[in-house]
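Same chain, two partners: subunit A is paired with subunit B first, then with subunit C.
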Partner chain A sequence: MTRAATRRREGNVPESKQPVIETRGLRKVFRDFWRRPTVEAVKGLDLTVNDGEVFGLLGPNGSGKSTTIKMLLGLLRPTAGLVRVLGAAPDDTRAKARIGYLPEVSHLHPFLTPRETLMYYASLFGMPRKEAVRRTHELLVMVDLEHAADRAVGGFSKGMARRVGLAQALVNAPDLLILDEPTSGLDPIGSREVKDLVRALAQGGVSVLMTSHLLADVEDVCDRVAILERGALRAEGMIADLLRQPDAVRFEVEGLDEPAAAAVRAELEAHTGRRVRQEYPAMSLERYFLQVVAQDGRQRTFALAPFLGTAPADTERLTPNSQLPIPNS
Partner chain B sequence: MFPHDGQCGARGLALKQVAAIARATLVEAIQQPVAFLILLSAVVTTLLVPVFQFHRFGEDGRLARDSGLSCMLVFGLVLAAGTAGRTVWGEIARGTAAAALGKPVRRVTFLLAKALGVFAVAAFFWLGVLSATLLAERGSAHFITHEDYSGYVTDVITLALSAAGVAAALLIAAARHYFGRRRFGVSAFVGVALSQVLVALATGFYNRLGQLYPLHGEAACAGCGADHAHAAGWVFYHPELNLRVVPAALLVLFALAVFTALATALATRLSTGSTLAVCAGVLLLGLAGDSLLTGAPFWSGRGLAAGLLPDLQNFWLCDAVARGGRIAWRYVGEAALYALTCCALFLVAGCLAFRERDLG
Partner chain C sequence: MANDAQNGLAATARRIGGVAVLAVRAALRTRTVGALLALLAACVLVLPGVVKGDGTPEGELHILLTYTLGFAFGILCLATLWAACALFAAEIDSARMQLSAVKPVRAAEFWAGKWLALLALNGVALLAVYAGVYAQVRWRMHRDGWEAVEQPVSRRVAHPLLPTPRQEARETLDELRARNELPHGYSERTILRVLEEKAHEKYTEIPPGRQQAWRFRLSRPLRTSETVTVRLRFETEYNTRAQVTGICRLGCVETARAVEVPLDDFTLKEIEFAVDARAFGQAPEAGLRTFELSFEHTGDAQHAPGLLLRFRKDVALLTPGGSFWMNLLRAAAVHGSVLALLAAFGLTLSVCFSLPVAAFVATVLLVLTMVGNSVVQVVSEEDAKKWSNRAGVLVSRTVHGATRHALQAEPLAALTNGERLDAGMLRASVGWNALLLPLLLAAAGCAVLRRRELADAE
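And now, the complex of A and B:
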């Protein structure tokens, strides 16, 4: 097996650093009707996403994230620079057959049902009908839309449409998943599920490039991030490296009463000669919300087999809080 | 990962993609209420012509036929251009084109599939209006000499059956929508077109006086105007439809194909309204071009316009069917080649325009 999936499933950290996405000096200038430049959306971007990693592209609105993604997919023509995706040019259909793409807005045909939508996208990959039917069913179960599988998506809420969009991005069991604002429009449970899904896919060896301006989402799932601002790369690196505060140390101790805590603090202050801050950590609001909803019996489950391409859909299921680690919650 | 190596080669994949995109385009187009309304308007207008004829000078059939073919061209043009605009421009604007092209679909494949889907809509429309035209011509007043009656006879049964077919199609579509949650637009569009085809086939079971076949001798034919080779024997099935209209209608279908290609190409860069406006201009100039533009030097403005615009007079030969006239099949074949050339040129231009199009 060549995919990082195998390595991850076997518990090995991927050793290969083969890039799945590579841009050099990537530039995009939008022009008006008369070909006059209106805005330079991306300015000489150098970016590398390696095989098997979850890479986050961060930036405020208008920073060039979506434009970069569209250039990676060949939907926008770069003004200058080099783009290689899975070792090929962006409009190479063989490479595209290995990519799953979730656009910023779930662009769906409003008259099609989720089932028809997934069958339609499956047919664009040349999937045999029988296999497409099976895959469609698995994905509908996965995104919890089986009950609405035969309703036109035109009447769906934003969150439901997002789920259909996510399912279509996974229809070809991609090696590289490109997610543009994947949690946009989702409720906290849906958002948590998507993040869990991304982690699960990454564990299965799928390389993921995601954009978001929800920093907590990126921090939860990404190995490495790049920060764009006004089309230029401002920072890039492993999240742990970027966020580490080398001159500070934090201890977490359970069951320490107040006098003992005060004694430890006094000892540390005497040792360092600096003021020591004492805190009582609280769980995140997201985690608290998920716990409340879970107690209320509304917790949904995720069937993971369709993404991993291993067992049938009903054999491997995941609850948002149990089987997968929840990073930094 | 798909496509499966070995199971689906590049050509096979492209064909599958064309079929999928064209089918989605067809379904999207005919489920729009406007498509159904255009078909309904064309069919009802065609069927009403024989009913509201008062000063006909014995040419009721011709008037019905010409009106039917005119409806076919004008309503068909609006349908084809509007559908192309909505499906190509609309998909680019909505982002569904970007979602499809994010998959392993080439832009050329996408655009050709779109054109094919739009043409399928136009062909369905054409079939319905052609059947309605044949029925309207049969239903309009004809002078007959029959053993029971001589004089002008309007085939009320045929006209009533056609109208009943439309009504039944609408009722069935409504029932399918209510009970089966099927799309009303799709059922109604297909139903109205098919109802006219079925009624046209059913007219073979009775003559203009409403007498059911089998009939013997001249009683079988109530002034159908055809060569009466059957007059000596029993007749079991005789539709009495003027099938000489079919080649003229085929020429109109070719014109619709040209407009489909033109509108698809335009819609890669222009909005639906602009596409419709340009197509209407091309229709007017294309029909008038024969008299306005011919004879001008090639490099003059008029000469260039004459060279670039499709000569639509080639596709409008309804006068040739008058008074027993026929359109030669050879001419139909040549017109098909001309239409194919026009389509190819427009689509190549469309592909070039779409190749560099930013899809945001």
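And now, the complex of A and C:
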């Protein structure tokens, strides 16, 4: 269990807003063989991710998201600027011991089994064998790969490999989790599970930095986002603040019949002097898909309980008994 | 505090162990290792049957020890070098290193883990090859009934007490300076180096009618139950197998007793004869240790050729020096140390370059190491000064200088000649090849690994 998680769960320490990631004037210029500059991937980035926050880094392809992450992890060296991760330089091994990382492509050793893979990464944290075995078992259960624990990863589907990748990112129970496109290659159920996991980890006090092309994913889990474009920061803030439309108000009412709805609409139009739009909300395709799959008994969930101690309070669990929505005619 | 340090050490050991286990698994789960094992098995089992000897037990032994072990060691050298070149380079190229590099592992721990994995794999392969060769030697000796005639032996070698090549080179230099005959255009350092190289290989002539004597001091006293073997190797003036006659006289200084052995019409270029230690009389408490050997060329002054000998190499006294299989183990240790050096070299290259570049550079440097000695010997100082030769000679001399100590021990020659690999040589080989040079290479490799970017723009 992480120190932050323990702290939070005990509930006797107020939530701190210490930055876990801080960049100032971060710049990265890639050069060719002859040291000539080819592209400026990141241009003077100032970024702060606070403790316990789920932070989303958004941007189109080539906007510098992955380059930024690689500089945070010490895989690339900044051309200029300052990087602090968990209060230390990116190549500080004490800081590295508290970080979990899932790259965009899992890059697993194809000849290893999931069990061997997790044991290997546990050994890199200097974990005693007994503890590594227990942790490996927990993580295999969590990502639902116990049945394939002794098959070589090389024969896995992209989704299964992604699950192994996710498990290795959690092997050290990190305080800071860096996820590069975490839902890439996962089916809707897998995506939902990852998002549930991220929320659950954040509730446990883990700070999360994630990138994604799928804006809906980011919207579902992130507290704050930054939008990059061509290496520069274009926008940053709380999602709720960024997306709020101050001029509009929306009501949702159940059980209102058509004449009553018409009367309410007329009243509102008279009050505002503007036309009021009336809609019958539909559930998202993702939610509908998940309910159908759950109805078929194909439910899967990350077994978070042994990992976090308690199940996250706001994680919605789909069960075969969930009601299918009645199509709106 | 002590507990923390222990935990730190234990954690370091676990990280190194983890890296090593991964490298071993990677090796064992690829086809390359299978192919390598098949090649080694062919070397040990098939090669001795294919290569025909001269029908003598010595010839058979020579094939088994030189060809079989030589081929197997050559294969292991290349395999080790290329595998080491791949260990970092392939992981970096495939981006798998990224996942490991973000974990709290120091560059030195990565390096040590991979090096130890190569060492372990090489150790197993080398021991299997040597055990196979030992079994072959025993089986062939038994099958062909040569056990009574020829036994593989291990003998201590004592060379004549002579000034060191450096001392001899200094004396020659002083003489040349006194006579004002120093060659122009060369520094004294260069002249000294050339003289020293020449001193190693210097031939001295014993013309007909002349006598030459050498003094020996054995590293271990000779027991009265043992024998001492005299070995003389020589060239003749015209490099032909001429008929030579002479008298060898071997005397023990402690007992003042000597044995005279006439040598008539010997046409080979090597003479070996054994003398029973009892022939030197009652040994003092300290044992028989100091000997004097003289050789008198009794050939016809008109027709017999003079004998050319390199005193430092060609004249020796051989005394019992342990069992053959222990000597085989010592040879395996020397070979193992060379493989450890190659593994370290390949690993450091693989940190610096991609796999194809690292493998190419490693192979070129290996070839240069093999030919460097010849180039240094063959190229004269005048030729070395020509602008067209400068770069090549400089590279060859540098590589030769850097690897001279590392490759000083010649385990195959020692095994074939029945010479015990002495402890000093073994210590030097292991210390130089498996400790000092790998440490330097590791320092360089780790410095590069810490500075190198392990990801790219993708």
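Rule of thumb we're sticking to: the second predicted complex is superposed on the first by the 291 of 329 C-alpha atoms of A that agree within 3 Å, B and C clash if a C-alpha of one lies under 4 Å from a C-alpha of the other, contacts with A are read in each partner's own complex, and residues count from 1 in each chain.
Definition applied: a residue touches a chain if its C-beta (ideal position, glycine included) is under 8 Å from a C-beta of that chain, and two chains touch if they have at least 3 such contacts.
Quantities reported herein were computed from a predicted structural model and do not represent experimental measurements.
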Problem - Simultaneous placement of subunit C and subunit B on subunit A, clash or fit - result: clash
Practice task
Scan A:29 for contacts with subunit B and subunit C and give back first, second, both or neither.
Solution key: neither
Practice task
Quick one: classify A:94 as touching subunit B (first), subunit C (second), both or neither.
Solution key: both
Problem - subunit B versus subunit C as contact partner of A:214, first or second or both or neither - result: neither
Practice task
Look at A:39 in the shared chain and tell me whether it touches subunit B only, subunit C only, both, or neither; answer first, second, both or neither.
Solution key: second
Handout entry: Partner chain in contact with A:173 - subunit B first, subunit C second, else both or neither
Key = first
Practice task
With the two complexes superposed on chain A, say which partner A:127 touches: subunit B (first), subunit C (second), both, or neither.
Solution key: both
Problem - Residues of subunit A at both interfaces, subunit B in one complex, subunit C in the other - result: 30, 70, 73-77, 91, 93-94, 96-97, 99, 101, 103, 105, 107-109, 111-112, 120-128, 168, 172
Handout entry: subunit A partner contacts - residues on subunit B that touch it in the complex
Key = 1-4, 7-8, 10, 12-13, 16-17, 19-21, 24, 27-28, 31, 94-96, 98-107, 181, 183, 356, 358-360
Practice task
Could you please specify the touching residues of subunit A with respect to subunit C in the complex?
Solution key: 30, 38-39, 41, 66-67, 70, 73-77, 91, 93-94, 96-97, 99, 101, 103, 105-109, 111-112, 116, 119-129, 168, 172
Exercise for the section: Would you tell me which residues of subunit C are touching subunit A in their complex? Expected result: 10-12, 14-15, 17-19, 21-22, 25-26, 29-30, 94-96, 98-106, 450, 453-458
Practice task
Quick one: which bits of subunit A touch subunit B in the complex? Just the residue numbers, please.
Solution key: 30, 70, 73-77, 91, 93-94, 96-99, 101, 103, 105, 107-109, 111-112, 120-128, 150, 168, 172-175
